[in-house]
Amino acid sequence: MTTQIQPDTATRTADPDAPLLTIENLEVTFRTRDALVHAVRGVDLTVHAGQTLAVIGESGSGKTVTSRAVMGLLPRTATVRGSIRLGERQMVGLGEKELRRCLGREVGMIFQDPARSLNPTMRIGNQLTEAIRVHLPMSRRQARERAVELLAMVRLPAPARRFHEYPHQLSGGMRQRVMIAIALACQPGLLIADEATTALDVTTQAQIMDLLLDLQQRFAMGLVLISHDMGLAASYADQVAVMYAGRVVERAPTRRMIAHVRMPYTRALLDATPRLERPPHAPLPVISGRPPDLRVLDPGCAFAPRCSRSQDRCQHERPELTEREPRHEWACFFPCADDSLPGEDER
Amino acid sequence: ASACGDSGGGDGAGGAGANGRITVGGYNYKTLDPGGTGYISKSVPISLDVYGSLFDPPTAKGGDFVPDLATGYKYSDDLKTLTIELRQGVTFSDGTPFDAEAVVYNFERYKQAESPNAQYFRQMSSVTASGEHQVTMTFTEPTATMVAFLTYTPATLIGSPTAHKKAGQQQFGLKPVGAGPFEIVSHKPGEELVLKPFEKYWDRANVHLAEVKFINTSPEAQVSYQHVASGSIDSVQVSGVSTPPNVLDDAKANQKIATIAGENTLYAFLPINTFKPPFNRPEARQAINYCTDRDSIATNVQRGWVTPAYVLAGADSLYYPDGGVDGAKAQFPYPFDPVKGKALVDQLGGLEFDLLNIGGHSQVISNALAQQWQQCGIKAQVKAVQGPQLSEAYSDGTYQMAYAFSGGIDDPQFYTSFQSPNTPQGKHGFAREHPEVPELIQSANRTVDPEVRRTTWRKVWTSMNDLAVDIPIISGPNYTFQNKCLADVDFAAVGAQFKSARLTC
Amino acid sequence: MSDTLTRSPGRPPRSQSRPNRLAGLLDRPARLLGRSPAVRVAITRVLQAVPVVWGATFITFCLMNLLPGNAAVALLGDDATPEQVAALSARLNLDEPFLIRYLQWLGNALTGDLGNSLQNNEPVTAILGRALPVSLELVVLAFALALLVAVPTAVVAAKRPGGFADRIGMQVSMFGLSVPNFVFALVLVLIFAVGLRVLPAVGYVPIAQGIGPNLRAMVLPATAIAFALFCEYTRVLRADIVDQMLREDYITTARAKGVGSWQVLIRHALRNSVFSLLTIVGLQFGALIGSTVIIEQMFGLPGMGQGLLQAINSRDIPVVQAYVVVMACFVVGANLVTDLLYAVLDPRIRHGRPAA
Amino acid sequence: MAVQPPDLATARGADPAADPLDATATGPARASRRRGTGKGLWIPGTILGLIVLACFAWPLVYRDLPSPTAGSLLAANLPPFSPGHLLGTDPLGNDIVSRLLHGGRVSLEVGLTSNAIGLLLGGSLGMFAAFRGGWLETVTMRLLDMLIAFPSLVLVLVVSTYLTPSKLNVIWAISFFSIPTFARLARAATLRLREQVYVVAARLAGQRDGAILLRHIAPNVLPQLLTYSLLWVAAAIAIEASLSFLGFGVPASEPSWGMMISRGQAYISSNPELVLIPSACLFLTIVCLNTLGDALRARTGAP
Amino acid sequence: MTAGNGTGRPLLEVRNLVQEFVVRAHGGVRGGVVHAVSDVSFEVRAGETLGVVGETGSGKSTMVRSVLQAPPPKSGEVWFQGVDLAGARKRRDLVAARRQMQAVFQDPYGSLDPKWTVFSIVEEPLAAYRTGDRRQRRARVEEVLDLVGLDPSVFGDRKPGQLSGGQCQRVAIARALTLAPALIVCDEAVSSLDVLSQAQVLNLFERLRAELGLSYLFIAHDLALVKQVSDRVAVMYLGTLCEVGPAEELYRNPLHPYTKALLDSIPSPDPERPRPRVPDELAGEPPSPLDPPSGCRFRTRCPRAAEICAVEAPPVRAARPDHTVACHFPLSPAAPVSPVEQSGDSAAE
């Protein structure tokens, strides 16, 4: 590497303890043909520099919508309320021009399907230099040099040659590396990975996650990992936030969360996850029912209809997400106790 | 050539009207060789510009033919021999002499069966050069029409035998060599013909244009008018009987262009198959006549640009009934009378048939006719077909009635094919049932006495009207839309000739 | 009369798993001759084209024989006697059974001799040589014009689906679909030739006489044809871009990079839409060559459409056949060029790697 | 006569499951969504309904309407708002209103029927070819290529000449334009569907090929063909106008909009309304059909 | 490889299965041959679940589709209940023989015709095989829908669009069950469902296995999931089977380097466990099935590859009872059968 990539210090806040991303009471509604879909209903999240936050939850719980709201990438039918602060800057209601200046420079994003996230008819080099030159005043050649460096940084073999290739000439894992290079092209302080490894094989997934964490450490980035997979979250994240029906229902540092699950929904997710420790054919503990209709705003706890611990109160009153134990927040009136640790007996 | 600015003609394709050059629309002929297949009589006017003609049409109605490349003619008393004197000192544009041998060569060639010109030489048994500039033709029967043929028809076109032999039939058709006022610069068959003056033409002093360019343009009248109105071309001819009247109205109202009417010699009529039901019954044919309001077609559909026709000839035709159109109308045996017509139809138990036409404005007039006939309970199914299809329908007798045009020359003898049992369409006409009519026509063609011809032709027309066959509808002239600066275009013959045309501005 | 039949423009690389013996047969020579996928596509397609062109001529020959009236009647006109017709028919070989005539024609055609016009005995190749450049120029100009206007219009319309520009664009394109182009041509002539007198209403000026006059003569007819094409391309392109903007992840990626919305539209969406456009253009290009009859007639352009109509009217079968051969070749050729362009433009195909 | 069929949409397989709502929507919720149809459907639907009603039912109800073909030449070229002739008369004295109504009927009949034929013949050809694959597909598609490659002008001439001009024959002639289009569309759709898991599943369930084609493929191809055919009606009507212009259109006894336009063009400089009025009707109808087609397409998720 | 426990022939026995595809570039030109499945043999015994894992494109789906004869394999034998499906001459024989073998696929929406109601979807196999009259069929459909936990009166008239992914998958399972099959082929039947629905469907599979004695050929990416349901597991790589063995044993003591790499890559929900690690060699490009490596297909990414691996395809051998591996240098010392001995082997364990 000839030139060291300079972190874009200007965008970092002076105070290292101040959160990189603060989401407060975020609400997103979609206008559809006949109703409003309340996809996100008051999410609070913070991400600090150098920290990895995993957001998990079942399908449709609002993970993607939340992350796209941060990027301002929601379709026109969406209405965003609440506050998203990236460093000092308020992202909600930002004009298109300022938003564009932020995207890629202060926050980067990688998506689920690397095959579809890259433009099939553009050389990857061009897709990469585009990301650089949008923000940095570089000549074509400088940008190109930097692009090759970036490709080397994401450990793409033979980066100078790959620069001229097209996405279809790469394997899925390599495409995702290119996507990471693109997302990190301008050294954003925050990287959002929306199910970045779901479409990949386990071996590739492990490599990509290794890379991501390595880079995160190197550049002291904030990293948001969005996933279905409890295993992934537990293995790689510092903090886990669990979402259900458009709300965060539990949040804690990873170890604490796994060891002391409080929210019955989190418990259900953990229990239902197949794991190597279980013997074959052992039935998985499951909950019945399905997530609520997002078009309806009910007063009570959204999980109550499926919850074994729910009581009357849960139907009428919504538990707030509050820090009830040190650094451990949850939103439940009748949390689980510490007893039934999953898989403990087998180990 | 007159020197003229290009102020008048706008600036169309190729700078129409500039420097004595003009562009003329409506050219789509595949060959200009009258002895070759594919030659059509519509291209005679253009051919005349290249070949010149033996005789020119009379200057006054009923007058004698005007000498041109021929200087005189003489029929023998029995009308079985014709001697023609040729102009001396004339050469073809390839430099070879224009003489009796050349004329004989061409006449013999035209007599070949597959020449479209053959019909004019049917009665000719031999042709010889009786002198260096004298040609003698002998006929199998008395023939008084040959000089008219040598004036109006392709028979008048004499090409250079040397050039014909050298180029061969096909190439000669593309670039014929004649002794006319113009010679060919370039020719793309069916598309474009460019002429320049022939410097050694015998009457060179009267040729003024520096170039005449014929190009292929749409036959649509509206489009043709716009071409002239936009200055893109300088002259185009449309037929009065098949042009939407509004185009003519527009053209007349347009001060920037000239609209010139020719002689009223075209007529539109309904050829009828008298051998097939329903028109094998005279009542059916009479009913058609009773139910046809020709005046209304002329004034309402064609807005006065044509006249109603009550005989099978144009109103400016030779031998036309006394009193003009009104005179003809007064004599017409079955005047417009829907009540009588309806009665006849009822008596027939209804009348239903197909009325063929070749589309375009013919379709409109056919529709107008069908519309009129509806009042009498006549049901005519109007069908547009293509030319070859119509020809075939005539020749195999599958047609019932058609809407067709004829005319264009004031002498009725040229338009006898429907009345002749020899032609495909005559085969199914009344001629077989009523041979007296073709015989009358023949007798008219066997005399040079204008009075006899007049009475004979009038008799032909009356008997055809009485028999109610080949029903006349309207007649009218050709109209030419033309650059205002273009003068002295000669319309006397079958179409516009540019021999002595000039640009005045 | 265009059968501008759009083949469904799916994404180009399609792998067929079914064994296809016919295609397999054609592969072999193709594989022998070239390794580059483009060359192989070309060879295979040329081989496939042979039966198509042959079939087109055969069908045409049969149909022409179904038509009432023959060349002799058409040539000699109404006044000809039956003897004349018979004589000419015999000379033109029209009295032979039609299959024999077809085989004769085919035999000659295979040796490169397309015969002579029945009308004036002119070699058909000469006729084609005159007509083809005219039509080709007309169609190329029309396509260029249509694309030149359609692409920006579609991009602007797609920028804000349902917006003002979009609505206007879509209404205009609908209007274009509902006005037959001869009406449009007449209006053009009325305005620009008759009214303003800025452009000629008729006449063809060969390029040899100067590009300027040639283009001036071509502007109105090309515009008349281009209008309908423009309408269609705008619609297709707009739909494709809007669809991509809604659906495709690489668009989101580009946005997430901070690329401006116009750039996203042009650099990313438009680039990929080129392929659906290409499919339609390729397919229509061939078909349009012979289907400009009315426009050629109106503007006095001696092109193929007009030539074909005349040849049909005079039952000039050799000429009709020659036109058909050329048109069929154009249809097939345009398809081939489309495929090759795909192979050149679409990296997925260029690298000869079938998408999984 | 470059009559362009409307856009054959840029078939990018729209996965019905791609709608994020579908995953969670429950039965009644979806039903209610269906009821809440937008103006994209109702407005063009209503206008179209009115046009159809006017064209088909009005002449039956209101018998005093002047005949569209038996006008009096004495009343030719009346201006609009003349007594008894709301929009005036044409150069043959026919009432323009009643010609419009009859013309609409003929145009719609031509447009719809030729489409139906193209859809049925072309659709089944393309579907069958794609489903069977192999040499059958190759041969069928080459045959269709042939149909495209040889000038349709010849074909139309033959059809309309040899079979004499009539509405039915014009319909047949125009159908030939649409057959290859529909076949290609159906083929593309079938190729996509053929690889659909439910087709494989049906085969595994022991279903015969014929039954799969008829019960799985056809019902899923049909909506796509239908929405496309809505757009094609416009093209068919315009082609009919062009045929009329060349003289191969419907016979005069059955005036169509296309015929009115092609007749009217001769009068365009003096009586432009002769072209404008039927063009406006055509435009309105086509806009409605297009909008309706787009709306339906958006709703069914067909490409 | 034969059924080890001497209970006669296995339910499904696949021998030397080969499937190849000719791919065509745009324009119908032959682009190459995909060697999707190359010489694969395995068996599924009655009442047993055989799990198949392997990375994307390794040929899992192709393999099971060949087994199902949709499309039939290029070569090889597929013996099902004593009948060779691949050899079945007539379609009718094939259909009859295949009756007891049904399949459930990955895409929950794609496997159901969007135009059909749940009831007719589930009834389709009965109708196709012309089984029973209308009433009997109705009864059977209701029975089966009950079995998969869908109330026939609620869901019977719905169309797939009105169901959730998990419900669709249940319908697909119900359809597979209507003919009372002996074997159900599940090609990633739960991969597209989220954790909670996935667990429900897995439990359903387990219940059916226990209640009806079904056998499964179960394909998935997710190794933990496969272990959850399988008796034996087969590991597939680039069209070949690397290793087949009893689930517990294979996961505890993998013999093939590829199996080990896979197992090492699984992230666990237990934060105490070490992070997944993958050997660097595996980071390389997976080779293209259009042009697979010579000899052992895994050799290009194998940490233990030696010269012989490029020359000779490793034979399938039984390293332990009922546990076969195709590797020249398996990870743990092979059972006495193994002809190859190498010092590095034991060190790796």
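Going by the order they are written in, the chains are A, B, C, D and E; count residues from 1 in each one.
The rule we apply is simple: contacts are C-beta pairs under 8 Å (C-beta built on N, C-alpha and C of every residue); 3 or more make two chains touch, one makes a residue touch a chain.
Just so we're clear, the structure is a prediction, and the values are computed from it rather than from any experiment.
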Going from chain B to chain E via touching chains takes a minimum number of steps equal to 2
Chain centres computed over CA atoms; the one at greatest distance from chain A is chain B
Dominant interface by pair count is C-D
Chain-centre distance (mean CA atoms) for chain A and chain B, in whole Å, is 89
Distance in whole angstrom between the CA centres of chain D and chain E is 48
Separation of the C-alpha centres, chain A versus chain E, in whole Å, is 32
Chain C to chain D, mean C-alpha position gap in Å, rounds to 23
Multi-chain touching residues of chain B, meaning two or more other chains, are 220, 222, 226, 386, 389
Each of the following residues of chain D touches two or more other chains, namely 23-24, 26, 157, 161, 246, 265, 268-269
Listed in rising order, chain E residues that touch 2 or more other chains are 164-165
Touching chain C in the complex, chain B uses residues 10-14, 23, 25, 28, 30-31, 36-38, 40-41, 113-114, 116, 118-119, 169-170, 173-174, 188-192, 215-218, 220, 222-223, 226-227, 229-233, 386-395, 417, 422-425
As the complex stands, chain A meets chain E at residues 58-59, 155, 157, 171-172, 174, 200-207, 209-210, 228-236, 254-255, 258, 268-288, 290, 342-343, 347
Within the complex, chain A is touched by chain E residues 55-56, 164-166, 194-196, 198-200, 202-203, 206, 209, 221-225, 227-231, 247-248, 251, 261-273, 275-278, 282-286
Chain C contacts chain A in the complex at 246, 248-250, 252-261, 267-268, 271-272, 345-348, 351, 353, 355
Contacts from chain C onto chain D in the complex sit at residues 1-11, 14, 16, 18-23, 48, 51-53, 55-57, 59-60, 63-64, 66-68, 142, 171, 174-183, 186-187, 190, 194, 225, 228-229, 231-232, 235-236, 239-240, 243, 247, 273, 276, 280, 283-284, 286-288, 290-295, 305, 308-309, 312, 320, 323-324, 327-328, 331-332, 335
